[in-house]
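Each chain gets a letter, A, B, C, D, E, F, G, H, I and J, in the order it is written, and its residues are counted from 1.
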């Protein structure tokens, strides 16, 4: 878990008996490359089917803004955010896609998914 | 059910023996955030396969316009409109996608679907 | 069947042993709303796999132009054109999608498909 | 002047000796048609060169949101907002473009401009 | 003048002392080719600066719909609509652009403008 | 002049007292490279203000199709078509732009214009 | 088979043990309508998984250019090119899509596929 | 001047006798709103005609990255960067456009320009 | 294997128990056609699910830049890069798509995939 | 002048009495950064009005390909190509725009123009 997990807040899902989908796009993610000290930028897309809880949007924004001055690699940050969100929301499933801006002519996108055990 | 369900009118499906699909896009949905009092805006896409009834378009527009000054959250309004439409149209299946405009740099889209029991 | 079915002509499919696909897009469809008397406009996309016959393009255009001053609803015109085309072409399958231009801020698209009994 | 002009607040332009340009796009404008009672929607683009004052963004948003349930025509609302902004900001010049969403197959855009007397 | 000019209605311009611009896009124009009897389709864009009068939108739509079954050439219809609008609105200037859909692989667009004598 | 000029036909301009503009786009132009014998393809855009005559569209298409198996360079074909059109239409001005498809990774566009002497 | 099949040349597939895919897009296909004598234009997309042979690109271009002055219908030319390519390349599977430019307001696309018997 | 001006480095313009133009787009600008403490994001476009000096790209990137955790308003940051660049490059003219991402449904773009006295 | 395989470096995958996906787009690939000596250009898209190792981005860039002056055919270079990457990363699966720029009016795209034996 | 100027060949302009324009887009330009040794990539757009001579396209391609392994800065290469083209073609005017691909999040475009003395 990251140091920022506690920033995430939830509210009760009022339709727990229906399998519906929530998608949140956040094009303002930024962190710092631990190797070069240079800022990284990316668009996060988080999609999930809630069970008992939904993530509160403002707390999610504050949580994601906390990485602003953190030194962390693409693969690490994507998987760590997935871990935090799954622990707090306990969704039926949750998927995260992180599309980073080009560096050295290359563009990397990392995608990871969690599905709840039945 | 919402207070506006009675506004929805239907007409008889003249091709009840064929599984066909009707899709309605409404980019002018607006309601009010119950927390901040600020207006929300979104594009609704409603897709369904009728059984005996189709929704009458003008009544659907008046129904959706009724939310203009209602305080209601994204997830709630999407699921409630689904409930109203299913109750009135009794379709084979119906899907609603509500794509809201960005707030605080974040864009949320909620999708829910109903399939009739056989 | 509509009054215009007889306008449709066919020619022999020269490759009856191969399952191939023909798609025809016609963005100039127009008819009249029977309720308001106002003109409707739409783009028809017809896709099918021929068996013994293909539809002749010029006759298809004249057939579709015949609806120009007809009063007919979206769902009705889409399903009726499907019926006419299936009766005349006798295809393995045929799909029609009718995407109408926005009215009152709403855009409706109707899709229907026929598959031949084996 | 409209009833909402007093909602507009300004702050001091810190670069009054330079001719620079500020452009604000607001795609969430909505009012009501005084004739039909139906909601109208549009995108406002406001561009100006400040002299001593700049408009404060949050107050501008609240000002524009005040038209939500006002009955007012396209040409009237565009020219009235221009009048209010010019009176409050006293800019070197200010231009407003209001692009409304289609009604009855027609899309109207109204543009007006004010240039300060020398 | 065309037979339909009398359908055009106007309302008083409430800002006669300001040079502002109104642009109306109508993508549903259709008439008939007098040579082939085939329907033509086009998008009209009308832009003008009013003096004492503005054109009423609904009357403009009915006026333009009147050409639906008229046999008239591209150049003729564009210039005739310009003549009608100028006669009825008496604008400071008015421009019309008519972009017709492709025929025989060719796409024609006709533009004409009127400027009032001072 | 080219060998095909006589194919061009005109009709009388019914609005000779108005400076209006006709634009014709033809994306199906093809000729042959005289050096390599390979086919060339391009999109022609012809724009002009008529005086007494307008070019008849079908004759223009047949004229342009005549170059199909002619060996002629980009610059030559563009200027020669300009010469033919000016001689036949005698316009106030006429402009031709010929945008050819990429060859060897390079895309060439040739534009030429004629303005009538006063 | 067409008269041009012998123009097609192949080279040995150096990776015959791997199921990979080659896609070739050719937007410069042109032939002649046998009914009207008018030129047709289209974009061919050929996709296949090679077994022992790949088609040599320059020979493919010359082969496709051979149809330039041939009178042949849409459905016929698409299926005939499929036959020629399959006979010469002997692929695991091959698909051809031919998207022709609009005629009379209609756009036709023909798609056909061959899968090798196991 | 800002605290970061000294980070900017230049190199000699090797073509001082020619009026040419250099445009640099930087879509990764970020600073902090001094009022809310929330991060802002924008795309800067810097265009100039050099006289004796050109700005070195890597130093420009480090300079712009220095604003990452600075609290500064849109109008202020745009004009201050203009001042720094003009002081260091001494160009014939220089223009900066800063297009910030939407906040509260509004998008602001600030543009400023400097022209050297002759 | 190619002569450049040793340039590829890896780092340990910190989430080896999760099936996630890494996609890298490189639009700056260039090599030389062995037949004509002319440069080729293409966009490579590499997608894989790591097991124990991820490819280090900078080493991947240097590896891909090594082909700059190599004479190698489209199909060969795509399959060889696939072989090198699979040997070094030992992924659960890896896919490469190489979309080359048009030559002689034709555009070729080669795609190949490797899936690890279980 | 560069070492490659002699590669440029011309042919006689057959329409020297008309002011027309030739535009050539070349999206495959590549050279090497003299500082980092890394390859640079860009799209060149060359536009000119010929006087007595036009540049021969194939020779232009070979000339531009000669920079493939040259170490040269953005501003230098753009101005040097301008000098070479002007010396060889002796045009009425010639403009070159070089849009390079992003490096370190920044995109630079250099434009320069030559006008012949009268």
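The criterion applied here is as follows: contacts are C-beta pairs under 8 Å (C-beta built on N, C-alpha and C of every residue); 3 or more make two chains touch, one makes a residue touch a chain.
The model shown is predicted, which means the values in this text are computed figures rather than measured ones.
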Fill in: Co-neighbours of chain C and chain B - touch as defined
D
Worksheet item: How many hops, at fewest, get you from chain F to chain H via touching chains?
Response: 2
Worksheet item: Would you say F-G or A-I is joined by more C-beta pairs in contact?
Response: A-I
Worksheet item: Of the pairs given as A-J, F-G or A-B, which one copies B-C, with over half of its contacts the same by residue number?
Response: A-B
Worksheet entry | Chain centre separation (chain D, chain I; CA means) in Å | 53
Worksheet entry | Interchain centroid distance [CA atoms averaged], chain E/chain J, Å | 46
Fill in: Centroid distance [mean C-alpha coordinates] between chain J and chain F, Å
28
Discussion item. As a quick test, compute the distance in whole Å between the mean CA positions of chain A and chain H.
Written reply: 32
Worksheet item: Mind pulling the chain D residues that touch 2 or more other chains?
Response: 27-28, 38, 41, 101, 103-105
Discussion item. Can you give me every chain pair that touches, using the contact definition above?
Written reply: A-B, A-H, A-I, A-J, B-C, B-D, B-H, C-D, C-E, C-G, D-E, D-H, E-F, E-G, F-G, F-I, F-J, G-I, H-J, I-J
Fill in: Touch list for chain E against partner chain G, complex
38, 41, 101-105
Worksheet, complete the sentence: Per the touch rule above, chain F residues touching chain E in the complex are 13-15, 18-28, 54, 57-58, 60-61
Worksheet entry | chain F-facing residues of chain E, complex | 75-76, 78-79, 103-113
Response to the item:
chain A contacts chain H in the complex at 27-28, 30, 38-39, 41, 65, 68-69, 101
